[in-house]
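Submitted below is the structure of interest, expressed as structure tokens.
For reference, chains read A, B, C and D in written order, and residue numbers begin at 1 within each chain.
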Amino acid sequence: MVVSSSERRFVISLGCPDQTGIVARVSGFLAEFGGWIVEAGHHTDTTTGWFFTRLEVRADSLPFGVDELRNRFAGVAADLSDRAEWRIWDTDERRRVVVLVSKEAHCLHDLLGRVGSGELDVELCAVIGNHPELGPITEAHGIPFHHVPFSKDPEAKADAFEQVRVLAEKHDPHAIVLARFMQVLPPELCERWAGKAINIHHSFLPSFAGARPYHQAYERGVKLIGATCHYVTAELDAGPIIEQGVIRVDHTDDVSDMVRKGRDIEKMVLARGLRAHVEDRVLVHGKRTVVF
Amino acid sequence: MVVSSSERRFVISLGCPDQTGIVARVSGFLAEFGGWIVEAGHHTDTTTGWFFTRLEVRADSLPFGVDELRNRFAGVAADLSDRAEWRIWDTDERRRVVVLVSKEAHCLHDLLGRVGSGELDVELCAVIGNHPELGPITEAHGIPFHHVPFSKDPEAKADAFEQVRVLAEKHDPHAIVLARFMQVLPPELCERWAGKAINIHHSFLPSFAGARPYHQAYERGVKLIGATCHYVTAELDAGPIIEQGVIRVDHTDDVSDMVRKGRDIEKMVLARGLRAHVEDRVLVHGKRTVVF
Amino acid sequence: MVVSSSERRFVISLGCPDQTGIVARVSGFLAEFGGWIVEAGHHTDTTTGWFFTRLEVRADSLPFGVDELRNRFAGVAADLSDRAEWRIWDTDERRRVVVLVSKEAHCLHDLLGRVGSGELDVELCAVIGNHPELGPITEAHGIPFHHVPFSKDPEAKADAFEQVRVLAEKHDPHAIVLARFMQVLPPELCERWAGKAINIHHSFLPSFAGARPYHQAYERGVKLIGATCHYVTAELDAGPIIEQGVIRVDHTDDVSDMVRKGRDIEKMVLARGLRAHVEDRVLVHGKRTVVF
Amino acid sequence: MVVSSSERRFVISLGCPDQTGIVARVSGFLAEFGGWIVEAGHHTDTTTGWFFTRLEVRADSLPFGVDELRNRFAGVAADLSDRAEWRIWDTDERRRVVVLVSKEAHCLHDLLGRVGSGELDVELCAVIGNHPELGPITEAHGIPFHHVPFSKDPEAKADAFEQVRVLAEKHDPHAIVLARFMQVLPPELCERWAGKAINIHHSFLPSFAGARPYHQAYERGVKLIGATCHYVTAELDAGPIIEQGVIRVDHTDDVSDMVRKGRDIEKMVLARGLRAHVEDRVLVHGKRTVVF
């Protein structure tokens, strides 16, 4: 659901060790102040004994603002467990997104279209490309484009990544989207952007990690190809998965057909994964995600 | 999830007008007695202002049995609204299912296989056929089979339906499954079995209601065919939908190919719909269902 | 497969009454001149006794050009039947496409992206809108945009359609795409553009023809929503279907969620249908299509 | 399409190096004798330059029987290439199938249902189990069941495999189906049954080969699980893929839910793969398959 500003909400996300009474404690706290829960998800991972919840509350149903809600909820969370992890998003705080691209246009076109038509309600702050080709279409949508050339020389590459980092962090982004960026982030950047950097990999992971996945898929003779949207971690294509999708192929599809068909899945999977992320629907726990 | 008896649970389903504090009230009631919520779903239909919830509680976490839980929950529900509708299922009470068939074997084979292998944990009490063909395979699975011949003469037909009714109701079933039964239930039986009689229709409703849906689909030249599992109501193929599925077809598929491909979808959609029903996951509201 | 000019091909499409030896006659004709068949599809509709074939031949494998091929093939076709219908497309003749839009942006964005990135190898000649909103993004892609205002006054509306007709036909287009145009073409234009005008309807036809299909779908409580790409005929939303797709919805999706999820299917189904059309893969026979 | 004996057909499959005129040569040969082609598929693998075709001809349209057709077609094939590989199946020769099982019932139940209802028109000669549990249901369908106990002792295991081999080969089967057999065939049996032994693996290969794939999938946190039907080769789970399918899972699905949902895909994928195999629709080339 697209949250419009007229339907301002506070979105509470919480993870903590499971125990009796968490739902009652949290919902009781909200009810005490007349909080109107619009959407609620609960989940217990029985293998790890971890409890997850996400609640959307109408902002105008509470007698205080988001800061006071955070203050008060901190007490609730502390009561539940000193290992509790929680955050509260005020939907009036529009999500800021930075996109990293190379030459492949389809994911960027798709994101620009979704943002431009209002379907994806985020602030697209900047697009950064290691090639200049996607500049004009980005700017036609009124979005700033930065060209940061990359070379294979390690030092120059490190410099380029530092430029990308500075350009991206200037916007204090909630999401840094690698929209077919084709460059492997250095480990320190993976660490720094943990839980924020989102990649779209053009295979159904864990199959065909790494380079040229459609070629790998063709060689293996699979009957479905896919795409995976995941958080970036230092281990290549091994981060927590947010969303996946597949599409049928058959013997009449050569690698170029797979590339073409795969694009539709990449676009859709990235858009769904990004939407879940910016709506604060994704809770990461180890290598797995809960997507409410 | 298949609920085994060693994991006895009480499953609370509730629908009532939406208001602030319902989640808190219900979860608070459970927390008061140490009730351990294993699974929880909440939903508000904003067009009708109706709230729905379904909670699974570990039976051994409560200090009382299901009768006392029902007694006490009646008070909670009455507090919330005099229009509240609720029920509590003790998973130790195994679901009883009666299946009505004609000659088409695939849905029955599938159900027998699922029950026989323990995947669908219900008591399959009886199969009633208006033709005798499916008797032997039913009995090979150790399930009683009753042959009730149907004729076109209205009076004889009414008699036959009365026989079916008596045979089915003897088992006080939670579900009466029309597994390609091919006979239209009379309105009084639809009324009597409201919310219990489940049909599998071999089209993606509302397209192609009524007879020979695959022929209709072929004539129209659709590129996907489907199946719909729904509650039976007096209006033919118009009851609340529980589950639907589709499969691709193309110009190489004639009607007999559609029939064959469609069977796989019918089986799967019926099995999913029936599972949701017997696990008390389906809440009906007007023509729509909430499936937790 | 995107046919690049370096892989020039002649694409032969033929429909005629079925009889023994058609494949041999057509392939024998090509073999006689060294014609290298790159892709071949054959189909017989057994209900109507009609045979369909589509052959892609490498242009450089034949000793003559497309005009001579047409001359010679006319003889082959005439031998087979005086009811034979055939056409030959020279892939060097780039397909010209005109797009009609209203305010809904997603299908246009998607087509612009596919054409701009070279994925859909057509000449997008013009976009015509009955509202001006989509002009800037169209022009940012270097495509001419024409605004033709529509009113409800019948005479003014007829004038507007006449303007659209003139603007579109100036390009002698192979396809006129109604990309969520929201205006019902008058019967004479349906007739005139038969087999060229392609619509995307935002439902899984024949369910929910006409206005506000997502509202209809919501009311009915379906568990999947869809989109249908079809040729425009005088009977509303009843033309031959080229492609369809669906996506799951559940009780948490209100109408606006359905609209959003449906867009992804509309875009994809329209793009696939249009690709099949411009690659001359669609043979219409009555209300049904063969899509090779 | 299920080929009934009243629609007797000869099915020609051919693979050979690609060259101009193959389609003309083969279809010309058939046309010469009045052969009525009911279904035809052609494909060229451009990476290997190999051509594949499969033709269904009405048996009663030819003036000779299958032996004479084989004699004459041998000449056609030899003319095309001395590397040509071909076979002709007379659909009057019913396919014989042997099934190997362990304790998991769902794939066997599904196959028994399809054969019993006439949907899959094969002769199910025997079921061989390394456990006795699935004997009664097999015999209820009138199919012989053989229990061959397996132990971990290498010599005893080799003896058991030899028993299985003898029991299976007694029927000269066209297909030996490993329907969740849970035993790894020894290399010499893989070699001996190459192109005949068909396995269903409960993952979307190449992901999660080997043991406990659902556990692997759960650990990795994938959002779709799948099943793969493939020919058995000496390298575990690496044989040519015939068919694959997937189904969505999410964080609410634990391993036992994945097992349950996966079963539906396993059954369907195995049934589709086996159907393609027994209808002689699968041509293997290296690690890839063409499925007409």
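Quick note on the criterion: contacts are C-beta pairs under 8 Å (C-beta built on N, C-alpha and C of every residue); 3 or more make two chains touch, one makes a residue touch a chain.
Because the structure is a prediction, the values reported are computed rather than measured.
Common neighbours of chain B and chain C under the contact rule above are A, D.
A count of C-beta contacts for the chain pairs B-D and A-D puts A-D on top.
Greatest centre-to-centre distance from chain C is found for B, with centres as Cα means. Between chain B and chain D, the centres computed from C-alpha atoms are 35 Å apart.
Mean C-alpha position of chain A lies 41 Å from that of chain D. Looking at chain D, one finds that residues 39, 252, 254 touch two or more other chains. Across the interface of their complex, chain B is touched by residues 20-21, 23-25, 27-28, 30-32, 34-40, 42, 44, 61 of chain A.
Every residue of chain B that touches chain C in the complex is listed here, in rising order: 43, 45-47, 52, 204-208, 219-224, 226, 240-246, 250-252, 254, 287-291. Residues of chain D touching chain B in their complex: 1-2, 39, 104-106, 109-110, 112-114, 116-117, 119, 137, 140-141, 252, 254, 256-257, 260, 263-264, 268, 271.
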